[in-house]
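Read the structure below first, then the notes.
Naming follows writing order (A, B, C, D and E), and every chain is counted from residue 1.
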Amino acid sequence: MEVFINLLVNGVSTGLLIFLLAAGLTLIFGLMSVLNFAHGGLFVWGAFSGAWIFKETNSFLLAIAGSIAIGMVLGWVLERFLIRPVYGNHVRQLLITLGGMLVLSESIKIFWGPNPIRVNLPAWLEGSYQFDGIIIIKYRVFVIVVGLLLYLALWLLLSRTQIGLMIRAGVLDKEMVQALGINVKGLFTFVFLLGAGLAALGGALLAPYSGVVFAEMGMQYAILAFIVVIIGGMGSLQGSALASLIVGVAGAFMAYYMPDLSLALNMLLLATVLLVKPTGLLGEKGSAV
Amino acid sequence: MSLLKLDNLETYLGQYHILQGVSMSVEVGSITVLFGRNGAGKTTTLRSIMGFNPSTTGSVHYHNQKISGMPTHLISRKGIGYVPENQGIFSALTIEETLNLARAKSTGDAEEKMEWMLELFPDLKKFWRKKSGLLSGGQKQMLAIARAYINGDGLLLIDEPSKGLSPIMVEKLMESILKMKEKTTILLVEQNFLMASEIGNYFYIMDDGKIVHDGWMQDLKDDRETCQKYLGIA
Amino acid sequence: MRGVVHKVPLYWGLAILLFMLLFPFVNDSRSTLILLTQIFIFAIFAMSFDILLGYTGIVSFGHCMFFGIGAYSTALIFNQLDATLPNFILGLVIGILLSALVSYIIGLLSLRLKSHFYAMLTLAVSQLFLVLAEKWRGLTHGGDGFTFSVPDIFKDRTSFYYITLISVAIVFILLKLFTESSAGKVLKAISQNEYRAEALGYKSLQYKLIASVTAGVAASFSGSLYAVSLRFINTNVFSIEVTLDALLMTMIGGLGTLAGAIAGAGIIEFLRHYLSELAMIYPIFERWTIILGFLYIVVLLGFPSGLAGFIKKFTSKKGRKEKKKREVGKAA
Amino acid sequence: MEKILETKSLSVSFGEHDVIKEVNLEIERGKLTSIIGPNGAGKTTLFNLLSGQIAPTKGEIYFKNDNVTKLSVPLRARRGIGRSFQLTNIFPELTVLENIRLAIQSSSKDYYSILPRLSFMSRQQDEAKAAMERCMLSGKEDVLAQDLAHGEKRKLELAMLLALKTELLLLDEPTAGISIEEIPAILEVIENIKKEGMCTIVLIEHKMEMVMHLSDTLVVLFNGELLASGNPKEIIKDQRVQTAYLGGLHRESIKTG
Amino acid sequence: SGDTASSEEETIKIGVLASLTGPLETYGKQTVAGFELGLDYATEGSNEVAGKKVEFIVEDTETKPDVAVRKATKLLEEDEVDFLVGSSSSGDTLALLPLAEEYEKIMVVEPAVADSITGKNWNKYIFRTGRNSSQDAVAGAAAIAEKDVKIATFAQDNAYGREGIAAFKEGAEKLGATIVNEQYADPNSTDFTANIQSIINEKPDYLYIVWAGSNAPWKQLKDMQLEEQGIKISTAAQDIASLKTMDSLIGMSGFSIYYHTLPDNKVNDWLVEEHKKKFDGEIPDLFTAGGMTAAISIVEALKKTEGDKDVDGLITTMENMEFETPKGKMKFRAEDHQALQSLYAVTLEEQEGVDHPVPVLIRELNMEETEPPIRNGE
């Protein structure tokens, strides 16, 4: 029983962490139909800058805020120079953001060197709670809380405001939306910055989670985020959240009960979902085929 | 009083010189019809007004205010509604969502306009929650017109609305446009001479990127020669 | 006549081939030979990718799996049996058959998916192959890999150079014929308007299958050559970087041209080589990956159809001007 | 009289909405049948059913007395059902000639040959030229389809259908968006096809002058149901057709024209 | 031209292959720096052995086997090097082994660790100054295993991890310990708590970890409070960059391969001093010492042959050759040319003014104790 609870808690918190990463991508991928491979690059930048700011200032909140800001600045540059010329063309988006990814990951090394960097936590998040046999790491609780809050905020933004609608329409016919008096360019930039900020936040929060960050993690997490977004169904925030939880929890349980298969778990999940329900768990009907 | 004034517009698409000095004006409360062969530049004229294909020289004035050079969304917010040639349907959005979107930056009383449009085109109400992409050709056209009307209030630019509509729909559309005329000004691109001549007040004929003829609609109907020469109507 | 025989590119192609055939006589630098051999091998791989992406519009993120299947088949045969030519053929054929089978099954299951979904699915499957190679340690020795010996004719750098060069030429010709064939034309049509192609009586799934099997087979062939060139194999051949390389090469060279893929392989490998050489002298080039990344972005933004597209545009502009002149002349 | 196509209580519904209801349609070989009906009546949907783009919820389709209800789009095309689309639908980045050649290739059953055959290609070339000539597209061989003017794209669609050598042509508003001067040209192409008597044509059109001019049979679709079918002159006198479809504007013009 | 030929004859060329870009670039750069210092030291600054000039040429393998092969071929054919040294990754190194055999040139492997280099894939031209996985494992076992000790293991699910644990198990069981649980985790995983949980359930005395690379589980081990539950952690104290990530393991006992304060000998003293001089006060690291060792081994061999480059002669000389290195005394075992060497049982301690946990010596595990099984006969 303790094992079960431990696995569950850890799985859920890993899941929500993955959700933070995937949420930015869902927004960009789902709403604007932009395949942003550089998302992983923003994520690493968030992780490194968060760790660095925390080390310099010793303020965790500042670290988070700073990394989000840096993520957004980079996101702006990406949107302005790489993505804007290729809106609406999936193949080119994929290819061009791949270039962005290369540059972002490699440039990490210019600033922080090629070695992995250790990341610390503020004292108030250190340690764990223990109730006979059940160990719950404090920071994971924190991540769970942040993840849930962010989910709520995004959900409100998308369902309670017209932004979601405008963006979806903008993707379908950019000119026509402009003709309705809506500033599509500004809107797209906004969403992209939001996504970039989320990616950076995900990075900043992941860094203390695993304790080390390294430049190569970008690609790895870009792929993970894509997997989650597709399993959940493109553009569906709920889908991404669900998929993140599944990936997190299944990962925890598989690693415990079937460690031999855990290496292949995410890919098996993805393959199964795509073959059985190509639109993803909560994806729109007919969007995948 | 002229509401919209085009002054010597020159527009290039790629290397092609499409509009070669287009000047025209649209009077408040009128229906002005733009005729011309395929490829004459009618659509391009409307797109230049909307700022999609900005002209290189010349100017567009709306309410005596220069709007050429402004970004499209600001032009739209001046109160200009646009129905594009290809209808510009948001295929994955429902009618409800589309019209809500039209309301977002609408000028004037959006509620009232919305109600009136639903009254005018009951089909829209009937398929309220349906994806626009699944509508029939005619239904899409109605949606596009309703969307433009709800969005703007001063001027409607409509590009070939009768395309693909059944005779009775064309007739209904004519009636609707005539009704709309009481509340707004309309610049219409149309191939259906029968329809356009019925409802238009003034007309321009374009050929090869230039205005080659203009005048009052009543006069055109009697002007066999012009009809023959530019519109291919015996 | 458009589309069947382009005379000018044909002469160019022959000239380049001739130059490459004579190259070992004028330059005896072994490492240049190896670099060129490497380029030829990746050119085949990039061409196979071009069949998918450039001609059929299929984005695959798992193309390395066929490269890997070919490489492992050859490597394992040499590891288990003697280093003889027939065994090479055996490995090659096994790789090709396996790749054909795998690409057929994957295609059948998933080619109905839209581009990016298909891309992710192929990524997933290729990663499963990576896991398989890692886990089946008894056979593959996992990530560390193993070495093996190859027939002497492959050991000799010059003869292997010629083998790969001729392979490129043959694969190029075969694939070119394929793209110019009826089926090839249909592929192009499908990539532009699948719906319409179906209404003309073409079963698009079957054509995509043909394309993906063809691409898989060619990729497997290049993988076999790769394994032979290294005499060593490890799970790297299944890594996503291999796929990304093919992507960079086809993009930079120009999609849907085959020749572009060859040029792209050359450009990328040469750049890598020289930038990393430069890094030995000027430390500022140490981060040459960034330079490569930037270059890639610039090419994508500035010349979206790659080098081949650029040349085509350039020459066709010239052609058009000349044509115009002629017309003017006639009129006068 | 010989039926080339027949539907038996063909129905389709999308969710709650019944779009085609129990349609029993018979198309006579060699004749031109026009389908008219208000917007949203289900005309395009009916075409989609016939050519296989969507599957019926109920009923069967017989083509030359074979049940083709379950066949896929390409298989039906191979049997001889060709169609054009309400919005132009071509291969934008191929040249006009290549567009047409694709159709020829399909009609000559050259589906899967993966090596080019020169003799076949030059024969294709000739056939393509012939089709272009009939559709008045000569001289545009090497133009990319996307660069054609709207009217020319329409003609290209017709040329492709001709090259496909189908026995049954389904034309969905071939003159939509064509300027008045160009309509006669398209009309002429269709008339020529009809005269040559090679294929049976089913036409969806809203331009009544054209419909009356061309049709042998007129079918009226209303709200997904077959309202009437038969001799055009008779049909348009039908009161229901008048009120449901034609409205006031056309009453005059048709009577006189 | 006869002149140049003879001066060519007089020069000894060494090709050094290392990852100078990519994820392993720190390793590669250390190797190169160490190699240069090693030449300096062994030739006493003259860069000459037995009157012959010694030159070395560095090439970047980019941690890609194909690039490694190309660069090595260039070294062998164009620069006509007499020795190869390298490389930073096991994959690259394995790909190079056949070249050494083909060109009949000695290759000194440093610092790649895969057992198969001196095992299944070995050929007689291969000498390894770096320690191999099995030596690590034997040392790891020697540091903690004794009768009736219960040990759980945790490693990355790849060749490095699996190989390391297999060798450790063999060594530990020989010493009477029992392995109660073996966990392997996806090297790319974010979350290792499930594996750790499973280990906790077995209540072992020790947890032995084999881990290389960035994504290390140290933080989570601490979060899961292993120490508090009476489970002692043991692993290798590797290079400084990894030590920097091992904050949460302070107090653990394990083993070290090299730390600048550990081997107390004059070669190491020289290295530390010169390195600090040359690199702005920086201390030498694991692979710096490795690079130096490789250089020393070559120069020592050449000294013994009096500059004779004859390969067979060199091989005979090098087999069983003992030489002093910054990592202590080493000896190339005749059977598989693996250098036997001391490793160090240590605990990690916090030290004033040092930004990483410092391995502090408990006892030296001498070269007999850490001798790995011979595996090239299979």
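Here is the rule we go by: a contact is a pair of C-beta atoms (placed from the backbone, for glycine too) under 8 Å apart; a residue touches a chain by one contact, two chains touch by 3 or more.
Chain-to-protein mapping (UniProt): A = Amino acid/amide ABC transporter membrane protein 1 (HAAT family); B = Amino acid/amide ABC transporter ATP-binding protein 2 (HAAT family); C = Amino acid/amide ABC transporter membrane protein 2 (HAAT family); D = Amino acid/amide ABC transporter ATP-binding protein 1 (HAAT family).
Values in this document were obtained by computation on a predicted structure and should not be read as measured data.
Identification of common neighbours of chain B and chain E yields A. The minimal number of chain-to-chain contact steps leading from chain B to chain C is 2. Common neighbours of chain D and chain E under the contact definition above: C. Using CA-based centroids throughout, the chain positioned farthest away from chain D is E.
Separating the centre of chain B from that of chain D, both taken as means of CA atoms, is a distance of 30 Å.
Chain C and chain E, compared by their mean Cα positions, are separated by 37 Å.
In terms of their C-alpha centroids, the spacing between chain A and chain B amounts to 44 Å.
Once the centre of each chain is set as its mean CA position, chain A and chain D turn out to be 49 Å apart. The multi-chain contact residues of chain E, meaning those touching 2 or more other chains, are 157. Going by the touch rule set out above, the chain pairs that meet are A-B, A-C, A-E, B-D, C-D, C-E. Taken together, the chain B residues at the contact with chain D in this complex read 36-39, 85-86, 123, 130, 134-139, 141, 160, 163-172, 174, 191, 193-195, 198, 231-233.
The part of chain D that touches chain C in the complex is made up of residues 51, 53, 72-75, 77-78, 82-83, 85, 89-95, 97-98, 101-103, 105-107, 110-118, 120-121, 125, 141-142, 160, 164.
Of all the residues in chain E, the ones that touch chain C in their complex are 20-21, 58-60, 62, 64-67, 69-71, 73-74, 77-78, 90-91, 94-95, 97-98, 102, 114, 116, 120-121, 157-160, 162-163.
Of all residues in chain C, only 29-31, 34-35, 38, 134, 137, 141-147, 149, 155, 157, 226, 229-232, 234, 236, 272, 276, 279-280, 286-289 touch chain E in the complex they form. Across the complex, chain A is touched by residues 50, 52, 71-74, 76-77, 81-82, 84, 88-93, 97-98, 100-102, 104-107, 147-148, 151 of chain B.
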